[in-house]
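Look for chain A in each of the two complexes below; its partner is chain B in the first and chain C in the second.
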Partner chain A sequence: MLFRRETPNLWTLLTPPAVWALHFLFCYVAGAIICAKAPEALGELRLAIAAATGLALVIIAAAGAQAVRHWGFGSDAPPHNQPTDEDQKHFLAFATLLLAGLSAVAVLFGALPALFIAECGA
Partner chain B sequence: MSAVEPRTETDDARMRREEAELRAAWETPRGWRHFSACNNQTVGLWYTGASFFFFLFAGVLALIIRAQLAVPGNDLVSPGTYNQLFTLHGTMMMFLFAVPIFEAVAILILPQMLAARDLPFPRLSAFGFWCFLIGGVFVGGSILFNAAPDSGWFMYPPLATDTEQTGIGADIWLLGLSFIEIASIAAAVELIVGVLKCRPPGMRINLMPLYAWYVLIVGGMILFAFPPLIAGDILFEMQRLFDWPFFDAARGGDPVLWQHLFWIFGHPEVYIIFLPSIALLAMIVPTFARRPILGYGWIVLAAVGTGFLSFGLWAHHMFTIGLPWLSLGFFSAASEAVAIPTGVQIFVFVATLLAGRAIFSIPMLFATGALAIFVFGGLTGVMVALAPFDWQAHDSYFIVAHLHYTLIGGMFFPLIAGLYYFYPFVVGRMLSARLGRWSFWLMFAGFNIAFLPMHITGLRGMPRRVYTYPEGLGWDWLNLVSTVGAFTMAAGVLVMVWDALRPGKPRAPRNPWNAGTLEWVAGDPSEPWGIRSVPPIRSRYPLWDQPNLIREIDEGKFYLPGAPEGKRETLITDVLDATPLQVLRVPGNSFKPLIAAVLIGGSFIATTFHWWLLAIASGALGIAAIMVWLWTGTAAIPEKPERGAGLGVTLPLYASGPASVGWWAMFITMVGDGTAFISLVFAYFYYWTIHPAFPPAGMAPPDGALMLGGGAAALAAWAAMLGARRANGGGHAGRVRLLIGAAALLSVAGAALLLLAPWQAGLDPVAHVYPATVWVLVLWTALHLGVGVLMQGYCLAGALAGRLTARHDIDLRNVVLYGHFAFLTVATTLAVLVLAPRAT
Partner chain C sequence: MGAKGGRAFEGLEKAALVAGAGLLLGACSGPQSALDPAGREAAEVARLFWVMLAGAAIIWLAVIGTAVFAGRFQKTPLGERAGLRIVLWAGAIIPTLILAALLTFGLRLMPVLRAGEPALTVHVSGEQYWWRVTYRTAQGEVETANELRLPAGRPAEILLDSADVIHSFWIPALAGKLDMIPGRTNRLVLNPERTGTYRGVCAEFCGRAHAFMAFSVEVMEPAAFEAWLARERAPAAATADAGAFLANGCGGCHSVRGTPATGTIGPDLTHVAARPTLGAGLLANTPANRRRFVSETEKLKPGVRMPAFGALESDQLDAIDAYLGSLR
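After this line comes the complex of A and B, so read on.
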């Protein structure tokens, strides 16, 4: 399981950006299909993108919360450069937390077009 | 440990003995046999030299282009030659210089940086190098025969698929580069496994040099970026060779699909060449700031974040083709978002320099020049990421200026910084600081003089790729200035090349820059062994923080101090905390990778000229050569199960399944292979979206019963291989052979049924894109079952020869892993071809 685990690893590190990737893929693929096949359903698509964005942000927040826990709730500041299990864990957690922040921003960026653009166009 | 045992030899005698053992095991062959060397240190040097040569070649092409454009109405070269010049310039700079030099530099310095004797697959590196060299000479040399590709480096159909308007050059591009892409994926396998499994004991994931982080990310990106281009190349070449209409709108195809597949590769590729170069700066900046990097975690964020986001940008190359507005918005947003992690790296470098006491040596000069140029290119990037601005600037010289600012600032200058920085440890000599300053200022000034005016030329409306222009449009003097700049920059490159090649440079002291990372342990580059003994690591900058480290490494105080059995060995450690797990025997020098590359390359080249029999013969011999190479050189059963690795640790010599590096190599390769397959599936659904019905009216999907029969046979083959693995674990040798044989027969049957299905339905691939897409998916799947049969045959031969035992089962475990992916391929093909038609 990626969540509720005791120690972070490379997979937990990659979770937030992977969620961004899935969100992006969903927005692009769903948008392309709807605009090609059923432009009249764009309203529903925008709602679906809103829902997907909410879901993505929840998963990223969960990954971020787990990272904060692995990080020891900030008890130990970077650079996390000691050859110990603790610093290894704190480093991975800190990097995951940063990635969660970036991924959340990128997910929001990705959702903005669906907020503003109400026609398929072109 | 030995302290309590009676002393049998003095320390000096022991050191001399160990050095002699290592020198013998790692000897670099001399004379013509030099080219059989399979050692990343040697291959990395060849690789770097070859890709730099291609850079110089492509640079000369650029100078001819600039000479032609210097004045209006110039007739230095003909329009046709000009097309070849700019196509080959872009193609060579990207495919033969920017990407390969990353692989070259990485396999050259990564082993040293990780204090590894070698990375796990030196023969694969050699094979990759020979593929690269053969493909590169083939593609680059074509211009000497007036046969170079001439439709631009991204080869847009319908022009590039038109065999009337484009000659053999397009085939040379497609087949030559497909062949080179194999080399890139081979390098990605080597580098990912190297970073994850070949670090020195104690070098935990939080202590890894930042360069290794970047290499890891870029290796992963290659696996997802190159395969879509390979898939695109397959579709493209099927159209050019056999008239399958993938990009022909008249028969249901769509040229835009090529643009998608090309740029799904092409935009991540920009970051694939940018990140490893920035990685060089991440090593150089701390050394000259005299302090550890500030914000190690932030760099990891930036590298991982950029790696991911770079896959969401591809359509910003396609803003003008009429995508839905919503799609423009998504790609524009992601293009802006990627500026965040990219900017973070720049701030980390600047902060590290501010916090330290910066020494402005030549590498730092190039590093700061790189940052200045790249930031400028990044800012115009933020501009063109906005679709409305891009509509104005698209295909103008503004874009030419933008892309050269990002690539030369983000890739070329950091690389030259790296060249000045690493030259002493690779060659053992110091480059001249005086010539370095000349070279830098000529290049920096020349670059800006050449490319800064192009922004204005572009905004004044000059389109890219025109071979000349009339006077009086306000472009004249701008172009002349650009030409002067280009030649100035070339003079800087010449100064650098002269300095690198001239004899009589002073010998470099050990660790001349007083750096903190392990590559600087290397003393005399003529010693072939990588590192004398593998030290335990406790710091990100071991040479700064671990006292007496170099001396004790030299004295053989650490792991693997000698080679008592005369074998090449390297340490395998855990992915996260780098505890030692295995002593891996790595293969020695051999001509087999060279022979395999020549034969496989021959097959690609013969296909270009439609010499089908030769192509098939060369390909079959190539596969046979690879089989011989695998049989004689891999998965050797060691003469004893384990060996003392030094410091009182005893480690196994053999590992299989997920504990072995070979299993990871197979896994990584198949991830790349799966990405190529998914790209073909993407093509199917792309056509599905643009057609009102797919399959179109009057066309039947492939025969359902045959498809399901093929799927069932493939499933049974997969189950038989699982059974064989289980039986092998239980030591039932007879049952193993029976099951592997059954799996091979079932695979053949499955492939045959799958191929029969579209045949039975009368699907003609030339008639329409639907049957062509069906055939491509089915052929891909059948080919994978066929390759599976070869592997099963290999295992069966191993079982009969007594090489496959309950404990020594590397091959079987790897083939079962392949089988998982092959079966997933079959299942996906079935789902797409049988179920999707029912959904429309």
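After this line comes the complex of A and C, so read on.
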């Protein structure tokens, strides 16, 4: 499982950027298909992208919260570069937390055009 | 190099800097400048440019200022917590906010650039290496070439496509560029506001004469535009003899409405003498240049499909030139 874990690993580290990638893919593919096949459904597309953005942010927030827990709530400052299990855990957790922040911003930026687009084009 | 040589070099450098700045600033105005807008879309693009430039200047000053501060004034290292706080704010939060603001400012333009109920529809097709321009009016289509005339203050819808390769339609003074793609029609809405003569270019490399694929744009008062369109719709009113033009096969590729010349491969020549340029923005439209274009086509415009008619007798060239010059 990716969530409710005791220790972080590479999979929990990759969760936020993977969600970002899936969200980006969804926006891009859904936008392309709707604009090519049913441009009148732009309103629904906007709602779908809003829902996908909300879902993506919830998952990223959960991954970030778990990372904060794995990080020991910041009890130990970076860099976590000692060859110990403790530092490995803190390093992975802190990297996950940073990636969660980046992914959240990227998801919001990726969804922003849906807010402004007025039509699909001729 | 002695002290004297060093000073001379410095002087030269200064002169080059001044000349360079002059050239750069000189490029900010004129008939083909995105920074000298004559239409609503170009004004938005120019504003976007200035906002981005101001933002970039502020960021540059802040970064260089911090570097100077760190090198000159802050001699002792910061504590770990203070350092991390600087990384968090200056490295992540502030750049994110700036990017979000600039992104929002840019995206806000997307609907603006397509807005407007068009008062006029013009179909422009890019062809190697010229522009087929067709006005779609209630009284039917009016075809011309290498020249776009628009009424000031009225939105004009430009439908763009291509007959061969990808071209790009760009009138920097009026709007951003838009690709002309074979098999697809792209739509651009122009809102020209200031009357005047501007220059449009092909902005996507399309072959050997790509750099010679331009057109003139005339933004006119609406009444003058209507009068021009009515004249353009009328068939040719040539005063000279069409004999040499027709006998040498020009009509196989070119149309002159109201005559047996009905070719559609090359530009329509019905009112060619009234256009400001020749060969798609290549030469000023003078009798000498018309004659030169007919006899040295390939030399003037490499890769063009029209063969050069330099082998014709001089009196034939004279007659063709006289005929073209009478097509007003």
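Note that in this section the second predicted complex is superposed on the first by the 121 of 122 C-alpha atoms of A that agree within 3 Å, B and C clash if a C-alpha of one lies under 4 Å from a C-alpha of the other, contacts with A are read in each partner's own complex, and residues count from 1 in each chain.
In this text, contacts are C-beta pairs under 8 Å (C-beta built on N, C-alpha and C of every residue); 3 or more make two chains touch, one makes a residue touch a chain.
Since the structure is predicted, the reported quantities are computational estimates derived from the model, not experimental observations.
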(request) Figure out whether A:A21 sits in contact with chain B (first) or chain C (second), or with both, or with neither. (result) first
(request) Examine A:D76 and indicate which partner it touches, taking first as chain B and second as chain C; both and neither are also allowed. (result) neither
(message) By the touch definition at the top of the document, which applies to A:V105: first (chain B), second (chain C), both, or neither?
(response) both
(request) Could you tell me if A:P113 is touching chain B, chain C, both of them or neither one (first, second, both, neither)? (result) both
(message) With both structures fitted on chain A, tell me whether chain B or chain C touches more of chain A's residues.
(response) B
(request) Return first, second, both or neither, reflecting whether A:L13 touches chain B, chain C, both chains, or no partner chain. (result) first
(message) Can you give me the overlap between the chain B contact set and the chain C contact set on chain A?
(response) 78, 105, 109, 112-113, 116-117, 119, 121-122
(message) With touch defined as at the start, can you tell me which chain B residues reach chain A in the complex?
(response) 202, 204-207, 292, 295-298, 300-301, 304-305, 307-309, 311-312, 322-334, 336-337, 340-341, 537-540, 575-577, 689-690
(request) State the interface residues of chain A toward chain C in the complex, per the touch definition above. (result) 77-78, 101, 105, 108-109, 112-113, 115-119, 121-122
(message) Can you tell me which positions in chain C touch chain A when the two form their complex?
(response) 80-81, 84, 92, 96, 99-100, 103-104, 107-108, 110-111, 114-115, 159, 185-187
(message) Under the definition above, what is the set of chain A residues touching chain B in their complex?
(response) 9-10, 13-14, 17-18, 20-21, 24, 27-28, 31-33, 35-37, 42, 78-81, 83, 85, 87-88, 90-92, 94-95, 98-99, 102-103, 105-106, 109-110, 112-114, 116-117, 119-122
